Structures are given as structure tokens and as C-alpha cells.
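Note that the chains take the letters A, B, C, D, E and F in the order they are written out, and that residue 1 is the start of every chain.
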């Protein structure tokens, strides 16, 4: 068993994000462990629960949530990157939090923790 | 001294449109391996790979979805990709 | 200023599944056509990959907007140009390309673009 | 006086969007008219009122709103493109609308109207 | 027949990194004009522009911010750019 | 598995104001350094543009993250490599580049990358 850390940098409008998900799912199905998936850059948009995906397309937010529930893999959201792209965890100033369930609000420090604890780091 | 395990490079964009594959090749170690994913699969027809001596692998789903054929390269699936990352020293992604 | 009929060109330079560019480009073309604006489509550079027949978006859980290309005639979009030079550079046979499209060289594309009023790129 | 239609396709995290704004401002200052700015593709993120821009950076959402107020130029948001990227105008299903004031919810048809009424179309 | 007013092309990316400038040049009309904006200003040093006979203009702010100098090309400001779009037949953006 | 010290390489291939890549890359480098992880920075391709001294982000109302490059030594980030081949191709003199950086050829960059545990690209 090898321990991985994953970094997802692409938004749900990019098919490359499906590749990241499938890679993560295959890691788990092959018996490997993932310290966490860190969502950074445009990847943070995956955690926006206001994203509406047409019903005939893969809903990546739901798919990541399902992956978290089934595998127990933590999904870490870089909140600094997220705030610039329209996500918020704040209840101030009439902002309504829109970070989807199953995503953990984190800082960039979590990137260091996840990657330093892993045997392999894969950025997708 | 034990040789380092190979670095594997994930190529995710088309070299017909950008310079990522070129940048990868510029710093490629002699034992490094290339994995073509996503739009990177279009590179099976790019001249940059014609004379490259490093191993090159292509992800089947990404070829099929794009209707590209890759007679000269080894076609792999996600399980193969996972196994390669397990064996690799490290993974560098070009996207 | 009143509503006027203009001719539109839409140039596609992105591969099929590169973000949503191909899909959002097609959406724009269809809406222009539904307003009865003349629309020409151009596929150059990696955009030519969008026109390959045997693609299967479902294999990678992508939206299959490519299937709509076959229905472009129904929307009165008949001027579809695919750059031969770009196909050649990518080792794609013209026989692999959408039958309703016209494969032509860049000089023809240039002259077709010259006569459009508005050009959008995706 | 020439009448322009503008299409903005780049998100507020991309400095190219500042170029679009400055071009629009210059058009108006030079006495030209803009039928409207149409926000499409990743450009729709400019209208997300949850975007938080650090105080030492240009807040493009506010800047577009100011441009609308000063010049009267309509800002049209393609709602289909916006919904995929985490914006919503819906009050259903516990979604809280997050389209910023001064942006008009529109469909792609508005792109046709704006561009067909203009002498010149500039996509940025 | 009255000649068509020139098409102007807005180039917004670096030709050192992608193929947008090449695609533009491939379909460039003889009277067309190029305007380098944003990362497109880096193209003042690109070989693709060396032998191009079409007029090329560069936006001053975008050069200054990037610390690029453009001795061989005419440097303009936003007002000049607006005037050029007013005179142009149409505008094509490469980004 | 416990927290381990690893060496990180961050490769920058994007120009200064291309999305937030340069800024978000630097943020990652600084946080790694603050956790006392060894970090090397590499600038190749259009990434070399980030290292030019006389840039002025404020001219285009962009975030001036470039100014922080001068403080990298304070964060114990001292291994900064700029690709000479990329500079040459872009007609940039090595004298225009951040003084704390080492301009070197791609072979040296390759050998430096070989000895890092984790490589991230931006």
C-alpha cells in the first residue's frame, strides 16, 4: 500500500477534473491510501454548492462528495483561493456560505501536511 | 549507488497548441517515462515524440474518446497508471 | 440603432474537451442561427479535433455536444470550414472529418472570414 | 460616435479582465456608446457577489458595477454559463442568489441582440 | 469596388507559449493590423513578427508593466486602440 | 505515517500576469518554507518573465507579488533557477533578472529536479 496526496487545480467545467476523480477512485480501488485531496487554483470551484450541472452531465461536486463518503478521503479546500473565485464560509456581511458539504475549509498549510505525509504526490 | 527510480511525467495538453511537452522534454531524465492523458493524447502524432527514446504510454479512454489511434505507443488503463505512479520516484504534471 | 442582420463567423481553435470552449461556442452558433443570422463555422489549429467523426464523449463522461454537429444543417448552418493545413499537421485524414464540413486551405478560410461582419473566437 | 458591443470571457482572477474594463471605460470617455457588455464563459465569475478580492487589489466586480452606474452601460450575464460556474438567481432548493447588483440576468439571445445592434463587436 | 476597411487582430497571448499568433498570421489579410495586448506584448521579441509586413502596434501599459521594450513597433495607448477599432472593419481577438 | 521533511521543487512555466498562477505558486512556496521544507524554485519557458526586475504590476492594477521575490532569502528560499535557454529564446538579458536567481542551462535544471522529492508545476 502506498500513500498518496492529490492536488486538484482544474475547475468542474474542465474534463481534466474527471480524470483526477477517476485517478483518485482507482487509487482507492487498488488498495492505496490518500492522505487528502487538496483543491487549489481553479480547482476550488469544485466545492461551490451553487454550481448547477445539467442532468445529463457528470456532476463533479456530487461525485467528489460521494468519493469522500465511500473512501473517507478528506477533501481540503484552500479557502484563500476559494474566496477569490466566489466561495465563502463566512456568515458576515450577508454572505451566505456556499462551500459544499464534505469539503473541509483549509489553508495552504494543509497542502504541506498532506504532501509531507504521503509517499507520492500527484497534481492534477 | 542505487539508481533513482524513474520520474514519470503526466502530459495533459496538446503540443500542437502549447509548449508544455517541449518544456517537459527539455528537462527529461534518461530513464524518465511519459504518460499522455487528456488532450496530451493528441501528442501521439506530434514530431516531438518521434525520436524520443524514453518510454511513452497513452491512456486508453482518452484516446478512444478523441478517436485517436496510437499504433506506436503502449496503451494503458487507469490501473496501469496507478501502478506506474506507485513505482515512480515522483510524478511531474504538465498542464 | 435598430436590429440588423449581420453575418457571423465563429472560429474554433480549441480541442473537443478543452474546458467548455467547444460547447459554449456551439451554443453561441445555434442561438445566432435561431435569430436567423447567417453563421459560418471555422475550425483551425486544435479546433479541427472537434470535427472528427468517431469521438465518444461518453467514454470520459464529457458532454456530447459533438453529436449536435450532425444537426447543424437543420439550424441552417451550412458553411462549415475545416483547415486542411491544421489537419495535415495533426495527421488527420479528411475522411475522418464531419461530412457536412468543407476541408479547405487557409487561403480560402482567410477569404471567407473577410466577408463576415462579426468574428468570434473560442 | 460608434456603437460597440463587448463580450467578456475572462474571470476576475485574470488580469486580462482589467484590460476589458479599461477598454470599455475608454470607449465611453471617447464619446462612444456600448449597447452592452455580455459576460460569457469564465467571464460570468465577474458577477459573483461572493468573490472576495484582497483590499490591495482591483475589485473587478465593484469596478464593473461602477462602470454601469456611471455610464449606464448594461451588464448582461449569460445565466446558463453562470450556473455552471457557481452563480444562481434561483430562490429554490436553499440556493441563495449570488448575482451581484447591476448585472442583468440574460440568455445567449441577448448576445445576438447586443451584437446585431452594434457597429463594432469586441470580444475580450 | 471600394476596399474593405482593415480587420484588426487583438493578440493577447505569448507565441512563446501557445500557437494563437501563428493561427492569426495564417489567415491574415494583406491590409490587416495587429495589436499586441496583455501577454501578447511579449511577441515583440518573437520571430513570427520579424518578417511580417502588416502594421503591428503595442499597448504601452502592457509593455511597461512587463518591463519589455519594443523599439521596432509603434507603441500606443487605450485611446489609440479605441480609434483603431472605430476605423476597423471588424475586430478579431486571439486569446 | 508521520510528518517528514521533504524537498520540494516548484516549476513556473507561466508569465507574470497569466491568471493567478505566478501568485498562487509563490504562496505555495512561502508556506512550504514556513513549515521548514526545503524549496527550490524553477522558472522555465514563459515562467522566466516572472523574474524580470523592472516589472510594474501597479501599471495594470495587478497584484505586485513579484516584489516578494526580493524577500525570498528571508524565507530561506535560496535555490532559484532561471533557464538560460528560455531567456535567450525570449531575447532577455540575464542582467535583467532577479539578482538572487541563478541563470543556468536546462541540463543543470534537470539535475537539480532529479534530487527533489516533490515537484509541483504552475
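The rule is short, and it goes like this: contacts are C-beta pairs under 8 Å (C-beta built on N, C-alpha and C of every residue); 3 or more make two chains touch, one makes a residue touch a chain.
As the structure is a prediction and not an experimental result, all values here were calculated from the model.
Of all chains in the assembly, those touching subunit C and also subunit E are B, D. Although subunit A and subunit D share one sequence, what matters here is the overlap of their interface residues, and that overlap exceeds half of the numbers used.
Farthest from subunit B in terms of Cα centroid separation is D. A rotation of 180 degrees, rounded to the nearest 5, superposes the Cα atoms of subunit C on subunit F.
Relative to the C-alpha centre of subunit E, the farthest chain centre belongs to A. Annotation: 35 Å between the Cα-based centres of subunit B and subunit E.
Distance between subunit B and subunit D, defined via averaged C-alpha coordinates, is recorded as 39 Å.
Mean C-alpha positions place subunit A and subunit C at a centre distance of 34 Å. With touch defined as above, residues shared between interfaces to two or more other chains in subunit D number as follows: 13, 15, 19, 42, 84, 121, 123. In subunit C, the residues that touch at least two other chains are 13, 17-20, 45-46, 60, 62, 118, 121. Shown for subunit B are the residues that touch two or more other chains, namely 16-17, 19, 38, 62, 90-91, 93, 95.
Chain pairs that touch, as defined above: A-B, A-C, A-D, A-F, B-C, B-E, B-F, C-D, C-E, D-E, D-F, E-F. Chain contact summary for the complex, subunit F toward subunit A: residues 1-6, 8, 19-21, 24, 27-28, 31-32, 34-35, 37, 118, 120-121.
Note for the complex: subunit D touches subunit C at residues 3, 7, 35, 40-42, 80-81, 84, 107-109, 111-113, 115-119, 121, 123. Those residues of subunit E that touch subunit B in the complex are listed here as 16-19. Only residues 4, 7, 19-20, 22-23, 26-29, 90-95 of subunit E touch subunit C when the two sit together in their complex. Interface residues of subunit A, counted against subunit B in their complex, comprise 2, 4, 9-10, 15-16, 19, 22-23, 26-27, 30, 32, 120-124.
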